[in-house]
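You will see subunit A twice below: alongside subunit B first, and alongside subunit C after that.
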Partner chain A sequence: MVDLKRIGHEFYKGLFRENVVLVSLIGLCSVLAVSSRFENGIYLGVAATFVLIFSELLVSAIRKLIPKEIRIPIFIVVIASFVTIVDLTMQAYSPSMYKVLGIWIPLIVVNCMILGRVEVFAYREPIIYSISDALGMGTGYTLALLIMGFVRELLGSGKVMAFGRTIISLPSAYEPASVFILFPGAFLTFAFLIAINRWLTSRGER
Partner chain B sequence: MDQVVHLGLLLIGAALVNNIILVRFIGLCPFFGVSTKIETSIGMSLAVTFVMTLASAISWIVFKFLLVPFKLDGFLYIITFILVIASLVQLVEIVLRKTSPSLYKAMGIYLPLITTNCAVLAAATESVKPGFFKMAIAYNYSFIEAVVYSLGIALGFGFIIITFAAIRERLELAPVPEILKGTPIAFITAALFSFAFIGFSGLFGL
Partner chain C sequence: MNSIAKKIITYAITLTAVTSIASGSLAYTYSITKDRIEKMKIAEQVNAVKEVCNGETEGSNISKDDGALKIASKYEEEAKAVYRVNRDGKTVAYGILVTSRGYGGPMNIMVGIDAQGKVIGVKVIEQKETPGLGDKVTASNEFLKQFLGKSVDDAVEVKKDIQAVSGATISSKAVTRGVRSALNAFKAIKKGGQDG
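On to the complex of A and B.
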């Protein structure tokens, strides 16, 4: 019996309330490193979501066959296989983006978000909920990447570009603060992002 | 002599100029996770140095003598490296428990965490398959260079994590606005820290 309401619930919880990056502080490395440009976030977000969906799908499908003692190595091999697919696909179809993302593609394997969701969710729940959980968590991760990328690129270069088009640009009187594109900007932006998120949730509770 | 200078530059380049945490955002989870006390951060950095250097050395051997001759290097390297790291961590844990209980006590709890520490996988991937990182030189690292490079990464990791722990211990007592307490202020501190590291970029033309 498929519970439609539950599918929706599993999807929505990943967007904001249990957002992996902003609330659980998981998978930070890639978010901070890659968000120097808005466009990078789209690619890495889609890549990680793809790996997450298919890993959860596969693990959930074979969850009754996996012995408890060796589940972690099995999860890692499953995840690494899907990451290899992404690695080769990206190399073939968008070599320039592959160069920009570089080490972050193989590092999707050790992104704690994926191993965490597989262990906590897919290993216990049926396929259909696992997929909706993966979609929600992946979207939440991508959302965090995009917000970070948007703020950093806007403040750092005065305009936001994606796929060769300018989405939004600040008036020319604005002097771009390139520190936001450099590495300290990532820490700074993220610090204020969690502070704002915390402020909003605490205000909501009151 | 030339060889020594070259290796020294490689070490400094890996440790300071391209510092793995502050400049390249790899390994942030242990950075924020265990840097609350000096003692734990020393244990963690010892364990990381040990496993990282060993993992890179073994990955190098496996890559050059197993994967390349059988033409598997294009698509099997991610799975191979992560399995090398996971089994190495297990092995080190067993050996340490039997041979040196005191060292095992100091490092013990951090060892399992290292499997999912992206810094270790990154060091292995980069020292074996160069081209992913900024200092990218179009040649393959020799065995010695790979070991020195990953040792440099590990030293940079340890240096930052221990210094940061010292700062955070004092931060506990500092009057910080309620909304920034905890994680946000840690990120702002990291931002200031990484400002200092901008000074290293371009050093020796690395």
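On to the complex of A and C.
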């Protein structure tokens, strides 16, 4: 019995209403550090989503075989394996990006978002809902990263670049406020995003 | 007691199974990406060689020389790779990759040395220096220019013949030590070549 409506629900909740970054405030370290550039967000978002989907898939598939007492070490092994696969693949096929993201790729292992979703969701729910949950949560994480990266890069350097092309640039009269590239800018942008997201979602509930 | 023993055995078997499957799949991924990662690294280093030996690389081929590295690393353990720039069967320049301990961690530095033993280019390939302070040494042409023309008999030392970037003394010293190591390695290769 597959409940299509529920699949949709598990996906959509991750986008805004239960967004890991903007609502649960999980996995912030990498978000704040990496979002200084828009392009970084694409890569880290895709990498983390990939790890999340496969970790949830695998854990959900073998959840009945995992004894409760040793579930955490098993989760960590599963997550770490997928992260290492991503790490090696990225090193082989996109070394320039690997250099920029550097330590943040291996650190996906300790991203609470992934362990959190695996523990809260995949360990209890069937595969199909777990994948949907992972897709939603991963997309939500990536969205938050992209929006933050976009705003910070635009205000901080006056233009947004991706894959070597300029997507959008402010008129040259605009003096780039480099504070947005630095950490205070990350927190500022983040606060505004949380507020906007709260406002939008609460308006929808009323 | 019996049930505890049973539990322990179940846990052990489960964990062993999970970790062995995990390590198996990792070993597989490693084996298929290993060559490509290595190739990418070499390509990056060859590019660096081209940059530090500018002018000398046109119409020449660049090859990695592991034999020379073996000789060099005996005298200078900071030497990590040796590239020869060959033209018409003669080595016109060397690209020597060295590591040096900077402020924020190891730095990888490519040093180009011509056949006469003079430094013709220095490029920091990888570094973890403080942004805005220590990493100035990688961007400052003024600083890196000071190494040009230095040979193994020069001091190549901060405060003697090299002026450090202000605010980045430790990083400057690290780069200088790196160039020193490369010159030492070059000397060892030359000497090793005569012996053999």
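Basically, the second predicted complex is superposed on the first by the 198 of 206 C-alpha atoms of A that agree within 3 Å, B and C clash if a C-alpha of one lies under 4 Å from a C-alpha of the other, contacts with A are read in each partner's own complex, and residues count from 1 in each chain.
Note that in this section a contact is a pair of C-beta atoms (placed from the backbone, for glycine too) under 8 Å apart; a residue touches a chain by one contact, two chains touch by 3 or more.
Computed from a predicted model, the values in this text were never measured in an experiment.
Trainee: First (subunit B), second (subunit C), both or neither: which does A:6 touch?
Mentor: neither
Trainee: Is A:106 contacted by the first partner subunit B, the second partner subunit C, both or neither?
Mentor: Touch partner of A:106: subunit B, not subunit C.
Trainee: Considering only touches as defined above, state whether A:88 meets subunit B (first), subunit C (second), both or neither.
Mentor: Both partners.
Trainee: Under the stated touch criterion, which partner chain does A:195 make contact with: subunit B (first), subunit C (second), both, or neither?
Mentor: First partner only, subunit B.
Trainee: Applying the touch criterion given at the start, work out whether A:69 contacts subunit B, subunit C, both or neither, answering first, second, both or neither.
Mentor: Second partner only, subunit C.
Trainee: Residues of subunit A touched: more by subunit B or subunit C?
Mentor: Touched residues of subunit A are more numerous for B.
Trainee: Thinking of the overlay built on chain A, is A:78 touched by subunit B (first), by subunit C (second), by both, or by neither?
Mentor: second
Trainee: Using the superposition described at the top, list the residues of subunit A that contact subunit B and also contact subunit C.
Mentor: 73, 77, 80-81, 84, 88.
Trainee: Would you mind writing out the residues of subunit A in touch with subunit C in their complex?
Mentor: 65-67, 69-70, 73-74, 77-78, 80-81, 84-85, 88-89, 91-93, 95, 99
Trainee: Mind listing the subunit B positions that touch subunit A in their complex?
Mentor: Listed in rising order, the residues are 22-29, 32, 74-79, 82-83, 86, 115-118, 121-122, 125-126, 132-133, 179-180, 183-188, 190-192, 194-195, 197-198.
Trainee: Okay, in this complex, where on subunit C does subunit A touch?
Mentor: 7, 10-11, 14-15, 18-19, 22, 25-26, 29-30, 33, 36-37, 40-41, 44, 126
Trainee: Enumerate the contact residues on subunit A facing subunit B in the complex.
Mentor: That would be residues 25-26, 28-30, 32-33, 72-73, 76-77, 80-81, 83-84, 87-88, 102-103, 106-107, 109-112, 115, 182-188, 190-192, 194-195, 198-199, 202 of subunit A.
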